[in-house]
Structures are given as structure tokens and as C-alpha cells.
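After this come two complexes, each holding subunit A, first together with subunit B and then together with subunit C.
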Partner chain A sequence: MNEKRMHAKKWQTTFFLIIIIVVTYLSTSITNFNLIDGMLTIPAAIGWMFSNLLITQDSIAKMPQILEKLGETIFMSIAATTLAAVVSLFLALMGSKTTKVNQFFSVIARFIASFSRNIPVVAWSLILLISFGQNSMTGFLALFVATVGFLTRAFIESVDEANQSSVEALTATGATYFHIVSKAVIPQSLPQMLSWILFMIETNIRSATLVGILTGTGIGYMFDLYYKNMNYNVVALITFTIVIAVIVIELLSNKIRKVIL
Partner chain B sequence: MEYVLVNAYSIFPIIQKGVCSMSLLKVEELSKLYDGETRVLKNVSFEANAGEFLSVIGPSGAGKSTLLRCINRMVEISGGKVKFDGIDVGAMKKKELRKLRTNIGMIFQHYNLVPRLTVIENVLHGRFGYKSTLQGVLGRFTEEEKERAFFLLQKLGISEHAYKRCDQLSGGQQQRVGICRALIQEPKLILCDEPIASLDPNSSKVIMDYLKTISTELGITCIVNLHQVEVAKEYADRIIGLKEGEIVFDGPSKVLYRDQIEHIYGIESRELITV
Partner chain C sequence: MEMVKDINPTLIKRKGNGQINIKSGNKVDTVVKWTIWVLTALTILAFFFFDYTGLQIQRAISETLYNLRVMFFEPALTHFSWGEAFYQVGITLGLGVLATIFGAIIALFLSLLAAENLSKPWISKMIRVFVAFIRAVPTVLWVLIFAIAAGLGSEAAVLGMLFHSIAYLVKAFSEAIEEVNPGIIEALRSTGSSWWHIVVHGILPSTFTYFLSWTFLRFEINFSVAVAMGAAAGAGGIGFELFMASGFYFDLREVGLITYAILIIAIILEVISTRLKNRYFPSSVKA
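After this line comes the complex of A and B, so read on.
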């Protein structure tokens, strides 16, 4: 029995490997991408990075400005994520099959979630650029909308899997909807929800940099500016600062996660 | 033959000590369809008296859980009537339904507690039926209610776990929390849906003993779904045998004989019976 399963697994692995090879071959031949040529340019690229992307004394002088812009980006990401979390909580309660009020709102909530989730954040920025122009509001909204989609989906799952049975029990005691949501569903799902929110803050700080390039705000804008001016030393410093910030935030949220879970 | 069995109960009336044998629950021609086609319950009729310990047995899928959930209207009734204290449950509006549910405790196979919350918090959840939305959301419980919760935990021998999270307790202990949550409602009836199906034999005995005490000492009617016939025979005053949504036996536990058990469960599950 066990051996049979192992055999099946081995066979599956081979099968997938073959598929991956075939797909890779097909896509390279369709796009005219030559793997060998591509590989050969890597050393040159690395060489360029090391000779140009150097942090110099000059660029260090830009540090206060970089930090200010970085802070702006981080706060925007946190603000967009927390506001999205509030909206998502509401939508998730409507959408979840254990806490939905009626079928109509449930379908609406799920529709909003999948609609906003299935459009990438970059696409959202471009769409919103048309109506809001190049300002920080556009970036904020782009992050907000994409985050609502993602978090609603994640929250629906946390609510569904964790609360079915206690919701039933509390309904049977004569508890009202708000009793059940506030005293059973939210306390039970909160740690998992917070964990998703932290994850989304991390993701959004990364995305915010990219969005900033498009919307001309925050650290992304600064990156874009110095990049276009070919001031690669400052570009290097900015990149380095972003990497450090992202790592610090990831470590921080892992710490928080450990405490709450 | 089935009719004779159904009438067996009236031949052996059970007189409860100190509790008047007044009918608390009356189920009349109850039927239930989930999908508009298959009838999960078919013309189920029975009465339950105050303080009675009643067990519903039957193979899985017979409709035992559905029957319990029709009584407190956790599922809608498709046909017939359920009368609790003389009032038609099926016709109740939202507010009346809430009041009904405060009078009916429910105990589940998987305890259905909020695992991350403490034992005492879970017990106090049983008081929500009496609270306004605001009181409940703010978690306003009176001193009396808290004392009562402690008293019940003491009675069930788990007061030392009052401030532990429920997910740190064993199955048997969690079920006792479930019982406390039901009791703090001050119910007249407790519905138990396979309360010992996830427990080991020792914990099962503890739980069944508590349920029995609740019915005899507090005069609370207990309707207990069970799949172990032996347990039902040992504890219940009266047994209802359910098969494919129909009552095929209703009578005192002591007149439930082997051939009737075989009839309820079907011949193939003969081994089940001697467990």
C-alpha cells in the first residue's frame, strides 16, 4: 500500500519534470529567448553592477532625503493595509458561509473580493492614474483596492474554517448575530487575521516602491528620478535602504506573529 | 408489530420523583426535507415530559441530528408541528425563537466551544440569550452570573481550569464545559447530539452520569442522540428508535430487545449491538 503510493509519487515527479522541460522549450522557442545567450550576459551584468552600483560618500549625503521618502512609503503601505483590513473584515463576515447575513450580500462580497484581487496592483495603479493623476492618493488607492481583495479572501477562509461549530452552538443558546461575531468569531480568528495583515504590510511595502515609480511618489519616485539621471550611486543606496527596510519589517512581523499565534 | 412497540410506552408509565409528568415537548407529524425531494424525517410524533431522560438511537443518516435541530429550529421545519411548553415552534418570530432557545440547551459531539477563549468565557456564552446586543458585545455579565458559572464548573469538577484556554483541555473536560454552558442558560430541555461519540469509555461514563444527574436532580428533560445502544439502555428512561427518518420504536429502555435493535440498525450491523 505504502510502497504503491511511493511509486505513484515517483512517477508523478518524473511526469511533471517532463512537462516543465517541454513547456520551457516551447516558450523559449516562441519568444526567441536563448537560454545560453541569456546565461552568458549574467557575468557582464554582475560586473556592471559592481562597477556602477557603488555607495559613495556623495550618495550618503542623500540619506536623510531617502529615509524621509522611505518613511512616507512605509506609512502609506501601513495605512492602506489597515484601512483595507477594516473593509475586508466587514466583507469577509458578509461573504463567509458561517456568518453571512443573506445570500445576496454574500455573493456581492465574494465578487468584490475576486474582482479586486485578480487585477494586479500595478494594473490598478495604471487604471487609477487615469482618474486621479500622479499623486500619493493614486498609490494609496491602488494598494488599498488590491489589499481588500486579498484580505477578504483570506479572512473568509479564517472565519469559515475556525468558527462553524461555535457559531452553531451560540446560535442555539439564543445569542444574537453581533454577540456571535464579536465574542466568538473575531476572538477566534483574530490572530490569523493579524498574521495576514502583517503579511500584507510586508508585501505592500515592496509593491509601494514599484507603485511609486508609476505614481511619482515615495521612495519609488526617488529611485526613478536618480535612475533616469544615471546617478547610479544614489540608486544603489536607495536599493540598499529598501532591502534593509524590508528585511527589518519582515523580522519585526515574524516576532509579532510569534507572540500572537 | 411496530405499532405495538410504539405503544409500549403507555403501558409502562414512568413516574418521576418530585417532578410532575407534564408534557414539555410535543412533536406532531414532524417531517423535514433538505432539498425538496428526500424526506429526512417522516411523520415523527412523540412527547417528552419534564425531567425525562430520553435517548434517540438509530444508524447514522437516520435523521437523529436533524430531529434535534428541528426542536430548537436550527433547521426549518418542513411539515407537522413542534410544540414546546404548548407553543408552536415553527410559527415563532425571531424574538420568540431567541426566547425558546434560551430554554433549550444544546450539547454537541465536538463540544463546539471557542477554543482560544477561556473556560469561564465559554460558559458565560450561555447567557447571551438573555442579553441585549450591546450588553453582550461589551461582555457585561453580572456578579451573579459569574458566580453561577463558577458554581457550575465546581459541580462538574473543572473549576481549577476556569482560566485555561479551552483548547488545552481534554475532550471529556471540554464536554463538561459544554454542559456548563448549557446549564447556565437555565434550560428546561437539553438536546445532546452524540455527546460521547468522540470520548474514551471513562470520559463517556462521566459525561453520561452528569447528564443523568441533570435530569433526575434538576428536572431538566434530556434528549440524547446516541449510537451506542448499550449506553442508551443503561441511562435512558425511554428510547426512541429512528430508522430512515421514521420512528420504529418508542418505549421504555427495558423493553428494547435484540430483535428490535436489529430491526432499527438492520441485520448486518449485529456486531454493533454488543459493544
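After this line comes the complex of A and C, so read on.
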């Protein structure tokens, strides 16, 4: 690295830092964010958490109800992810470079995926809430649509990464399109796809809480209810059960991932 | 013929018709198969546990299709002006920027302590457990919990999102640091460099671009989180307008326009982060 290039690099770094500082400044002014207030809030909030978010005997009594709602939320995210995976598999096969039927379908598949992925799950749940009403279907569909978008992108990547030579070998033997997909492409990318599905289940349980707050279903609704009633002991218990559920699912899927990848 | 005799016949598993079963004993296949079966069973079960109060599926579907058509083909603004709309999008972007930048700075220091090749095992383990706990709590719960102490507003939203961003980035950053060539660290150590020297001259130069791409990836996520926080936790911005338009005014045309605004920003961010990703890490990376 000669002196001139080092100089240029130094300028680049300085320029970059200036941009970041300007963007941060603009963001603080547009959002009325006060850094000092914000920093002071952290110890206050942590202090508040330790003195108020306590699980008491009274809140434990609510446990069966909480577990039922938590179960609903977990089921909702698993069902949404699994069904979305089935749809995504078809979209990914249409969209991928290796397995696409024709250019037209490929573009359509990619468009559907991008459209459903980039509209946040919040927007989907608010749109669906208008006519589906306050029940599990709303949350399920919102998660389903968002997951289709995300999984299609991930699956297209896994299919593209699959080894080309086995596809070529099967093509040479005169195998049909269906044979090539089911014998060469899917077996190779299945572990990778499964890993994405597990990842998405974890993410969806967290999103389901958010969707639940908006659509009045599942554990999110329970949280919102007790939060608004300022019954913080139950709030603590609900948060705790969500944490346990997410961590257990994460550990389980890490175990599966270790074997299959 | 003699070769065949050498193989212990009990080790060869055959199917009913005498064919040799080439797939038996493959643990990967078994686990994959079982996972798929369990997920399928749970999915079918799920539909029995759902709460269907007030659901009229046919009416709901036809109404939603009609709503979607109004939203996407006749978008319009009625309750606020275009200038206001840009301002609200700006607020949402601002929340995302603040949470991402502060998160990245804090995560950088924490990840140095969390990386196994730079830190003591017990410190790294402690940070990892702590971070896993923070990540398990959904962002919206963090924002709502902070809102009690800080009041509704940008502080609570940024802090709540910050917590989650830190947890996410510490995991990504520390994994990148652990992949740094151990030779570099060893070489610097042998010259008697201090811990800071190793970080500044050994670690940062080779991981900086990774950090930047991860940070941008997180910004992409934080934008949609900021929209969600506006809607669910009263953090303001375009998410709050979306919530008002759909929940209070029932103005589908406005919902459509807001959705388009979010969609456009999200697609721009996705294109940038895909470019960064392809440039700096060719192998697939989990967002």
C-alpha cells in the first residue's frame, strides 16, 4: 500500500464518519430524541424492572390461562411457517435460475416474494384485521404472507447453491423436469431449507407477539391487557414464559441444525 | 465372491423384497424426515386450537380482496398532506438510524468481550447468555417496558429497539471476530502488543466491512421494526399513521398510500443491503 492510497483511505474513513455523524444528528432532530434523557432512562428503567416486574403468587394463578394463549401463539407461528414453506417451495422452484420453467413465471415469483416480504407484518395484520376480525386467522394469515416472502428469497438462494452437476447428469439421462427437481434439487437443498424454516419459526413467535397486540389474539393480547391494567406482576410472568418458549425452541432448532447441516 | 463373504451380513439391511436398503443408518435423513413429520403434525393440530370467534371466512376473503384492490389501485391521502407524509417517513427512518448506530457502537465493544479468541471464557459465556435473553424478548415488549419508565415517545422506542439491535449485532460481530485468522493475533501477541493494539491493528482492519454490512442489514430490519413500534407502541412515525388510518378512520385509500411508501423504502434498503452482501460476503448469510 503506497502513501497515496493510504491517504485516500484516510479521507474515505473521515468522510464516512462525517456522514454518520450528520445522519445521526438529523435523526435526533427529526425524532426529538434527547440522548441525555435517553441515557438517564436506562438506569431508571432497569431499576423499575427490578422493583415492579416481579412474579408473585397471585400472578402464578393466571398461569393456565397464559399457557393456553402462549400455546395458541406457538401453534400459530408453526402453522404459518410450515404452510408458507410449502408455498415458498413452489415459488422458489419457479423463481430460481436452475429450475425455472420460463422467464415470465420466474419474474412473477420473485415479484410476489418481494411484495409480500417488504410490506411489514404490521401492515398485513392491520389490513387483514379490517375484514377478518379479532381471531387467530388474522394473525395466522399476516404471518403466513410475510413468511412466504422471506422464505421464497431464502429458498431461491438454497436452490441456486445446489450442485449443478447432478442436475446436468439427470438432464443427460433424459429425466423429466419433475424427476430432476425431486431427485436432484430438493434432496440437496432440503437441509438448508429446513434450517431456514426453523429460523423462521423462532422469528415468527416473536412477531406473533407483536401481531397479537395489534389483532387482539394470543399471548400478545394477554400482555397488552395486563399492561394496560398496570398489573405488572402478570406482565412479568407473561414476558418470562415468552422468553422460556423462545429459548427452548432456539435450543431445539440449534440441535437439529447441528445434525442436518 | 470372496469379497462378499467378508462383509458381515447382519450389517447389511435389506428391504422386504431383498433389495439392499442404502438409506438406512443415515442420521441426517432420519432427523430431516422426523422434523418434517413433527412440523406437519403440529400444523394440522394448530387449526384445532385456533380461536375462530366472529370469523365468516367467505365474507372475510371477498372483503379483503376488495379492500386490497381499493388500497393498491386507488391510493390517496385525506387526513394529512404529502409534506406530512414525508416527515412521518423521516421519523420512522430516524428511529431506525438511531437504534442501529447506537446499537452498532455498543455491540462493537460488547462483541470484543464476547469473542472467544479475545476474551476470557467466563466473560464471553456471560455476555452470550445475557444477549440470548435479551433477544428472546420481543422488541415490542422492550419498547412497552421502557415506555413505562420513559413515557411514550422516541426515547422509549429507540431504547427498546436498541436493546434488540445490540443483542443481534453482538452475535453477528463476535462470530465475525472469531473467524479472524489466529495467526494475526498470535503474531501481534508475540511482539508484545497490548489488547487494544491487537483489536485496532489485527481485528478491526479485517472485520470492518463485515461489521458495516451486518449493521446495514440490521438497519433494514430496524426500519420495519420502527414501523411496527409506531403502530403497536405509539412511537410515532409512519407506523402510527398506518394504525390510525386503518383502525380509526377506516380509510383504505390512505392505508394503501402509506403501504406504498413503506414498500418503496423497504425495497430500496433491500437492494442496497443485497449489494453489500454480495460484495462482502459471498456465502449465504442469515438475516
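In the analysis below, the second predicted complex is superposed on the first by the 240 of 261 C-alpha atoms of A that agree within 3 Å, B and C clash if a C-alpha of one lies under 4 Å from a C-alpha of the other, contacts with A are read in each partner's own complex, and residues count from 1 in each chain.
Throughout what follows, contacts are C-beta pairs under 8 Å (C-beta built on N, C-alpha and C of every residue); 3 or more make two chains touch, one makes a residue touch a chain.
Fair warning: this is a prediction, and the values are worked out from it, not measured in the lab.
Enquirer: Does the subunit A-based superposition show subunit B and subunit C clashing or fitting?
Expert: fit
Enquirer: Answer with first, second, both or neither: which of subunit B and subunit C does A:227 touch in the superposed model?
Expert: Second partner only, subunit C.
Enquirer: Taking the superposition on A as described, I'd like to know which of subunit B and subunit C A:175 touches: first, second, both or neither.
Expert: Only subunit B; A:175 stays clear of subunit C.
Enquirer: Kindly classify A:188 by the partners it touches after superposition: subunit B alone (first), subunit C alone (second), both, or neither?
Expert: Once the two structures are laid over each other on A, A:188 reaches subunit B alone.
Enquirer: Touch check for A:165: first (subunit B), second (subunit C), both, or neither?
Expert: After superposition on chain A, A:165 lies in contact with subunit B alone.
Enquirer: Between subunit B (first) and subunit C (second), which, if any, makes contact with A:239: first, second, both or neither?
Expert: second
Enquirer: Touching A:140, do we find subunit B (first), subunit C (second), both, or neither?
Expert: Second partner only, subunit C.
Enquirer: Subunit A residues in contact: does subunit B have more, or subunit C?
Expert: The larger set of subunit A residues in touch belongs to C.
Enquirer: Quick one: smallest Cα-Cα gap between subunit B and subunit C in the superposed arrangement, Å?
Expert: 7
Enquirer: Could you tell me which stretches of subunit A are touched by subunit B in one complex and by subunit C in the other?
Expert: Of subunit A, residues 191 contact subunit B in one complex and subunit C in the other.
Enquirer: Which positions of subunit C touch subunit A when the two form their complex?
Expert: Residues in contact with subunit A: 27-28, 31-32, 35-36, 39-40, 42-43, 45-47, 49-55, 57, 59-60, 63-64, 67-68, 71, 87, 90-91, 93-95, 97-98, 101, 132-133, 135-141, 144-146, 148-150, 153-156, 158-159, 224, 227-228, 231-232, 236-237, 239, 242-243, 246-247, 250, 252, 255, 258-259, 262-263, 266-267, 270, 284, 286.
Enquirer: Tell me, which parts of subunit B touch subunit A in their complex?
Expert: Answer in residue numbers: 72, 74, 97-102, 104-106, 108, 110-117, 121, 125-126, 128-131, 133, 136-137, 139, 178, 181-182, 185.
Enquirer: Which positions of subunit A touch subunit B when the two form their complex?
Expert: Residues in contact with subunit B: 165-166, 168-176, 178-180, 182-184, 187-188, 191.
Enquirer: Would you mind writing out the residues of subunit A in touch with subunit C in their complex?
Expert: So the residues of subunit A in touch with subunit C come to 20, 23-24, 26-28, 30-34, 37-38, 41-42, 44-45, 48-49, 52-53, 71-72, 75-76, 78-79, 81-83, 114-115, 117-123, 126-137, 140, 157-158, 161, 190-191, 194, 196-199, 206-207, 209-210, 213-214, 217, 220, 223, 227, 232, 239, 242-243, 246-247, 250, 256, 259-260.
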